[in-house]
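Down below is the structure, laid out as structure tokens.
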Amino acid sequence: MNSKDIKKLLEDVKDGKIEINDAINHLKDLPFKDLGFAKIDFHRELRTGYPEIIFCSGKTVGQVQKIIEFMLTKDTNIIATRATSDMYNAVKDLHPDFQYHEVARIISRMKKKVTIPDSYISVVTAGTSDIPVAEEAAVTAELLGNKVNRIYDAGVAGIHRLVDNLDIIRDSKVVIVIAGMEGALASIVGGLINKPIIAVPTSIGYGANFGGISALLAMLTSCAAGVSVVNIDNGFGAGFNASMINKIRG
Amino acid sequence: MNSKDIKKLLEDVKDGKIEINDAINHLKDLPFKDLGFAKIDFHRELRTGYPEIIFCSGKTVGQVQKIIEFMLTKDTNIIATRATSDMYNAVKDLHPDFQYHEVARIISRMKKKVTIPDSYISVVTAGTSDIPVAEEAAVTAELLGNKVNRIYDAGVAGIHRLVDNLDIIRDSKVVIVIAGMEGALASIVGGLINKPIIAVPTSIGYGANFGGISALLAMLTSCAAGVSVVNIDNGFGAGFNASMINKIRG
Amino acid sequence: MNSKDIKKLLEDVKDGKIEINDAINHLKDLPFKDLGFAKIDFHRELRTGYPEIIFCSGKTVGQVQKIIEFMLTKDTNIIATRATSDMYNAVKDLHPDFQYHEVARIISRMKKKVTIPDSYISVVTAGTSDIPVAEEAAVTAELLGNKVNRIYDAGVAGIHRLVDNLDIIRDSKVVIVIAGMEGALASIVGGLINKPIIAVPTSIGYGANFGGISALLAMLTSCAAGVSVVNIDNGFGAGFNASMINKIRG
Amino acid sequence: MNSKDIKKLLEDVKDGKIEINDAINHLKDLPFKDLGFAKIDFHRELRTGYPEIIFCSGKTVGQVQKIIEFMLTKDTNIIATRATSDMYNAVKDLHPDFQYHEVARIISRMKKKVTIPDSYISVVTAGTSDIPVAEEAAVTAELLGNKVNRIYDAGVAGIHRLVDNLDIIRDSKVVIVIAGMEGALASIVGGLINKPIIAVPTSIGYGANFGGISALLAMLTSCAAGVSVVNIDNGFGAGFNASMINKIRG
Amino acid sequence: MNSKDIKKLLEDVKDGKIEINDAINHLKDLPFKDLGFAKIDFHRELRTGYPEIIFCSGKTVGQVQKIIEFMLTKDTNIIATRATSDMYNAVKDLHPDFQYHEVARIISRMKKKVTIPDSYISVVTAGTSDIPVAEEAAVTAELLGNKVNRIYDAGVAGIHRLVDNLDIIRDSKVVIVIAGMEGALASIVGGLINKPIIAVPTSIGYGANFGGISALLAMLTSCAAGVSVVNIDNGFGAGFNASMINKIRG
Amino acid sequence: MNSKDIKKLLEDVKDGKIEINDAINHLKDLPFKDLGFAKIDFHRELRTGYPEIIFCSGKTVGQVQKIIEFMLTKDTNIIATRATSDMYNAVKDLHPDFQYHEVARIISRMKKKVTIPDSYISVVTAGTSDIPVAEEAAVTAELLGNKVNRIYDAGVAGIHRLVDNLDIIRDSKVVIVIAGMEGALASIVGGLINKPIIAVPTSIGYGANFGGISALLAMLTSCAAGVSVVNIDNGFGAGFNASMINKIRG
Amino acid sequence: MNSKDIKKLLEDVKDGKIEINDAINHLKDLPFKDLGFAKIDFHRELRTGYPEIIFCSGKTVGQVQKIIEFMLTKDTNIIATRATSDMYNAVKDLHPDFQYHEVARIISRMKKKVTIPDSYISVVTAGTSDIPVAEEAAVTAELLGNKVNRIYDAGVAGIHRLVDNLDIIRDSKVVIVIAGMEGALASIVGGLINKPIIAVPTSIGYGANFGGISALLAMLTSCAAGVSVVNIDNGFGAGFNASMINKIRG
Amino acid sequence: MNSKDIKKLLEDVKDGKIEINDAINHLKDLPFKDLGFAKIDFHRELRTGYPEIIFCSGKTVGQVQKIIEFMLTKDTNIIATRATSDMYNAVKDLHPDFQYHEVARIISRMKKKVTIPDSYISVVTAGTSDIPVAEEAAVTAELLGNKVNRIYDAGVAGIHRLVDNLDIIRDSKVVIVIAGMEGALASIVGGLINKPIIAVPTSIGYGANFGGISALLAMLTSCAAGVSVVNIDNGFGAGFNASMINKIRG
């Protein structure tokens, strides 16, 4: 609601075209609409099928069930990340439509169609044990309405998979690179392509990886420009971020 | 050099249109062209005026001067980051064209025009002391061919500057948020807009900021989806990354 | 026991009004009464119903039971924090009066009335998973004799709950802000109100939150003046501290 | 501006008592006034002489001078913390009224009287080298309008100074305890009094104090309830926080 | 494929001895053969019985079984490290030949003979609890075709075992030293012999060993020249590395 | 075996009083006797009943049983620390004499009398949860032949127990102070007595105690001279060390 | 002042042998004398020549001068550690008697004779660069009245110096071992002798020594029983502690 | 001196061929010769020209001069690492033969010829700023008698230098890889060659490299087998270690 809108409103008040109480209600929302944290384009999101997202970790099965039960009353798509199979079972009881992406640990219910651009996101992992994080990223991006190209186990030991898929990676609009331990894959991919790379360090490993710190620091200090980093194991964040970039129109 | 090119080359060999030794020289470059770390589209970059970039930190004045002297022999734009005024003076002696962005600590020489899209990047800082990092990001982005919108000192104490500029920030294609200490600005901006945010923690501060660790961790763990992070004080990386995203065509 | 008291005592000795052995007993307590760690106003506390507090973590069920059994012999209110349901069951056997605040993990027995001031404490959390810590803070404050206003899940994703309750938060005498991950809520609330804020970082989260370090550092380095910090997950400390401030009389 | 105010304004608009443009200007400020980070009671602050505060660290002498020059145009009290003597000299040129608290590293100009309550704040330090941080806290509190009682060098080696002043400490409304190294003084004072304690770890020391981490962790994990902590060396934060508490009216 | 090979290929093309499509297929592999990460001398390794190695940690039993099932189709030796007994049981079902080295947590199948040099590797541990890591190193080295000399429990408390075996240690070609806690054994052995030492810190211990950090730092800062370090608990890496050195021919 | 002994031996060789092979056997032990890590006064220890000590943590029940079985063949006292009740049961089967100190987690068999000096060691803990570590220290010291004076739960909350026992603490020859969290008790006791203090940080606690780091750093940086520190939770080391000091004769 | 003394005093009051005001003055000191942090045996210390100790680090030259000026008014020995030559010059002006131990950075004035026992303390360092810390320890111990035996540069590279002096080290009453980097010397000496060892990690070194952390952790986790640790570079603490032990009478 | 030698000596004693005192002198050295830390093959080293090595860091110019002055009296080669130009000037005064390798910060005097094998060591760096560490490694290896092949600035940005030199790197006997920041070069080279790699993390960089920790952790957790790691910036250790391996004869 910009100055022009306010002027129009006030003129309507002056001219008696609108009741004062109704005008107050319009104005009361001003701070929310103008500043409105996390409420941007709420209607558009409903309209376009953009899902509501719940982070289940640290919540009880009961809390997740209750939140989703409330959401079902709204006409919206739903994504719940870090969801256990127990949570899925609890949610399935509410409505038969829910889907459980087991490896990605995501519960989803996509009632409304989401527009999917032609461009795509590549998700590259260094090892097999990075796959759960990769699936969280890939499934998130897919549910948000993106094509995803998975290239898994393409680290030092499986580098031929990287090379075999180099063209398809280079043609992505944005690339998610997921690696634990020394996290070198982000720098290697960063040296081979010129697209934005979202690097996800994983906590998988042992010893001096210190729960993902080794990969985190390596990715943050990557000499390959174009690499930015999200939290350790944060597949969801990478998928969401990549979706934002993949949906950019020129 | 794809399969078709190779086929053409071999047919030329067969037909005697090319000498075997010349063909060998063409083929010798195959691995570089195909895999070619950091050499992607080298010709396009020269053609488009995309600059060569030197990271001066840890190099002596003499080394920087020598690297740039060599670059001058090539017909390319030049950016040197983390450059001291001593380095600038040494480089100025080589050629009068160099410019020194003092706060950003960047030496540049833009000989070739760079195409600049209509969309723009916003650079938002929490405090006054974050400005050197912000300038590194902004000047990098500008030299790479982007419009930049600066909103400085918009942290908790100057939050009105954030609110005053909310519309212009929301209309950016990508936003760089730069903050030290508790780094909350990244989460605040992340809650207000739905564009990709590149967060840069800064080392400015004291005590439990531990040289930027507090802001780094806060940004990595931001609850606002859409935030990815680069190294502490890495204005260049943020500017480069933002340029990549800003130049995405639909 | 100040100089005047001692003088009186010695005069009584001189005058034979008090036996030397009785005088010795009075004097023996001097260092305790004067220095008396944790023994200040012991009688006043008993008189006012101020409870005895046991920290159960690291103690066995048997130890907790034994300590509380001993306390029952004294005419005092009892609070036991970080208490498991096993501990509650063991304590319930001793006396039927005990109450178990499950989410707060607190066992209480409030035999004596505590005076409750008109002013109140607000407890604000960023997320749902911060609730156990928040309940520890809130129940502690209530048992110590305070009115508590709970505003939960008011972080970036639920910021409307913060805004909706801004007036009631501003009218608090002191505010407890509880958040994990990037802990930005402390800075956000700190920028919106001018009351003392006690920030409690929580260990809930993953990756670079490092068991609460991210929120801890963010809160310690908060640019909003008026924020002080207690230990990670220390809901009790926050509730106790807030009670001290809420009970200040002009 | 609450609903009643808005109603009145709209009725004035309707009745032609106020010009639409003027009404717009009133309404434009709504989000700021309602949400208004750091802008709370701006007028009251001006009225009461509450000062504007500048954190000089990380700013150049020129920047500080420019900020203060601008402030002089407003009719307000000024505090600049972490100010070097160079900054003071630069500021002194602007106006002869400025005062430099050298040990506290604070520049001040108190043009308007601040109301000072009868209650007071005690500032206790463990050692001599904690004095600069203590002075920052004490001078901050004094400039904000508080009586301050200094007890310095009262750590293990000077514990008699603590004991000698125990009564006066106990009668404070709030106590600031400042200590480096093992930071035990916060727990010792916390065991002796029942007032809120704001603990400030200092970076002074060597070896395993790791720039203040030892004292910081010790204070955060203090077994004495009632202790909350601010950033390492953050004398200003402690002074500001203590002022908030000291000014609480019953 | 060197220049000579390429020349020969092109001459064959010119002379019509090879079809252009076949030549293309040969050339297509050029980058792999020339750069080929982790693919060096693949044929020699098959020929010489050098095993394929799988790191089982972070993989499910099903994944390990599937990988090994695929490997069985190739005529190669197999080593699977960090393998649980569940994994062994799953693998045993595929083929009866597999062996399980329980303490070393290694599954192996050595179908082809490996050449074993006369020289040998010594594996020295400080304590009894370092034995699992030591066995991982020793069994790895043995399976790769090396003689291994084990000296266990030779730390400060069992130093006589070190002294008793000093001659045999000195005659090793390379020595692996495995120790937790203060990791001093690496420095002690390093002061007694003049052969390359590969030090392996172990995570066994408590308190200030911080999961192996104490031994890791001690080994990295060892004043005895000739000591290099692998990851905490990385027996495999030490065994592999030692094998490389032991197989060096003059 | 000093020079005089060697001279005597050689003269015996020369005079034919001893066979050359026997002389060689005597000399072979020279390096052990002279340098002999951990073998000092081996005979005296046997003679005096000084026990052999086994650290059970990281060892299997089988390994502990086997080590102790071997020790039973020697005529020596036995202490096994960090022993589980499973280990005790396994050891009890070997010989009925073994005793299990459950809280201290120590298995002992004291066959030979140990001389006990008149002086004693005080073991002081801050809290109840420090008792297992304290018992490890106390039982170790007792088994090594020392009188031990236990003062438990004497931290900030139970400081009266410290004051009540001050005289007995001051008359100790050496004091062990055991505390977790902020570890202030070491400094408090250090300020009250002038005897050597061995401080043991414990890992009990939560949040910013980081598994004992807070207490460890606080004790290392204690301003009270006379405090030295052993590893987190290392009750055995403290007991052993205190025994060494308590047994010093003038 | 024990109960008997108080009884005597009260009887004197009763009998009029002492004025009430004088009695008050005696009693006023009770808490100090009984509890008296750092004031124990104050008179004995004066009598025996035990020095007052000032830690100069973090104090200004002026502060040190002022403290020592005050001390000169008392009839006591003086030690000032971490003293710069500037401080020495300032102090020398006050009185000609002061001595400056340059390497140890200690200013001393020993007016009263201190009793020196026959037993002695050994100070062993690993390297040459540990000497300043060693001298701080040695000079402290000497000034406190102890014989000191220095064995410097006896680490891995100079281990013969350790072996050559083994007898004299073994005959010490207590040994101070000072080492940086991997700090193995503490474990090596601990394995060779059965006397209490006070280990001092030093900050000298580079890389993964992290300012002394590597040596600190190694010493804390030493497998050699009998080793306790003081702060990084804390030569004074080691010397003071060793003096306490060396002065123990049987 | 083995049993046979001792037997011969005793027979000589018996036969009167050697004086008892001379025999004692021979035997006295037994523990040194047998155990002899750092004294192994002392004569061979003198004979072969193997140099004595001094680590100058933490030593004063005077100390270095004095140590080298003493060494000049022995007929040996000398290497002094981490030597400043001041140290070189001081040493040059003692003897004109000394050479200063400025970038490597090494002073050397090679009086005796060292045998140099045909095989060689490759030293590869990621960046220009890693050169000082690389030169320390290379010069060390050369002075110890090795051929060294330098490939500098071959990281992500200069990867063509790596590829251009792949054959010569693969034909090395051992490779030193030196890199800061993300340290990925060690993994990249480790994936391309099958020779032992000694990785040296460097402290050059900023932000989340934390003085070399990022590269250190990345190298320790490298997925490429065959990589072992030395201390941050420890070029000397890498050169010494590589020399040991390069000199292995089959």
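By letter and in written order, the chains are A, B, C, D, E, F, G and H; residue numbering begins at 1 in each of them.
Quick note on the criterion: a residue touches a chain if its C-beta (ideal position, glycine included) is under 8 Å from a C-beta of that chain, and two chains touch if they have at least 3 such contacts.
Bear in mind that the values here come from a model prediction, so they are computed numbers and not experimental data.
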item	value
Touching chain C and also chain H, the following chains	A, B, F, G
Distance-maximising chain from chain H - centres being C-alpha averages	C
Copies chain H and chain E - interface residue numbers shared by over half, same or different	same
Intercentroid distance (Cα basis), chain H paired with chain B, Å	39
Distance between the centres, which are taken as Cα means, of chain D and chain C, whole angstrom	25
Shared-contact residues (touching 2 or more other chains) in chain A	31, 34-38, 127, 156-157, 159, 163, 188, 191, 205, 207-209, 216, 220-221, 224, 231-232
All pairs of touching chains, each written as two labels joined by a dash	A-B, A-C, A-D, A-E, A-H, B-C, B-D, B-E, B-H, C-D, C-F, C-G, D-F, D-G, E-F, E-G, E-H, F-G, F-H, G-H
Parts of chain A lying in touch with chain C, wherever the complex brings them together	31-32, 36-39, 57-59, 63, 67, 201, 203, 212, 216, 231-234
Of all residues in chain F, those that touch chain H in their complex	3, 6-7, 10-11, 13-14, 16, 20, 23-24, 27-28, 30-31, 34-35
Residues of chain D that touch chain F when the two form their complex	126-127, 155-157, 159, 181-184, 186-188, 190-191, 205, 207-210, 213-224
Chain G contact footprint on chain F (complex, rising order)	34-38, 40-41, 53, 117, 163, 166, 170, 173, 191-196, 198, 216, 220-221, 224-232, 236-238, 240-241, 244-245, 248-250
Interfacial residue positions of chain B with respect to chain D in the complex	127-129, 156-160, 163, 180, 204-209
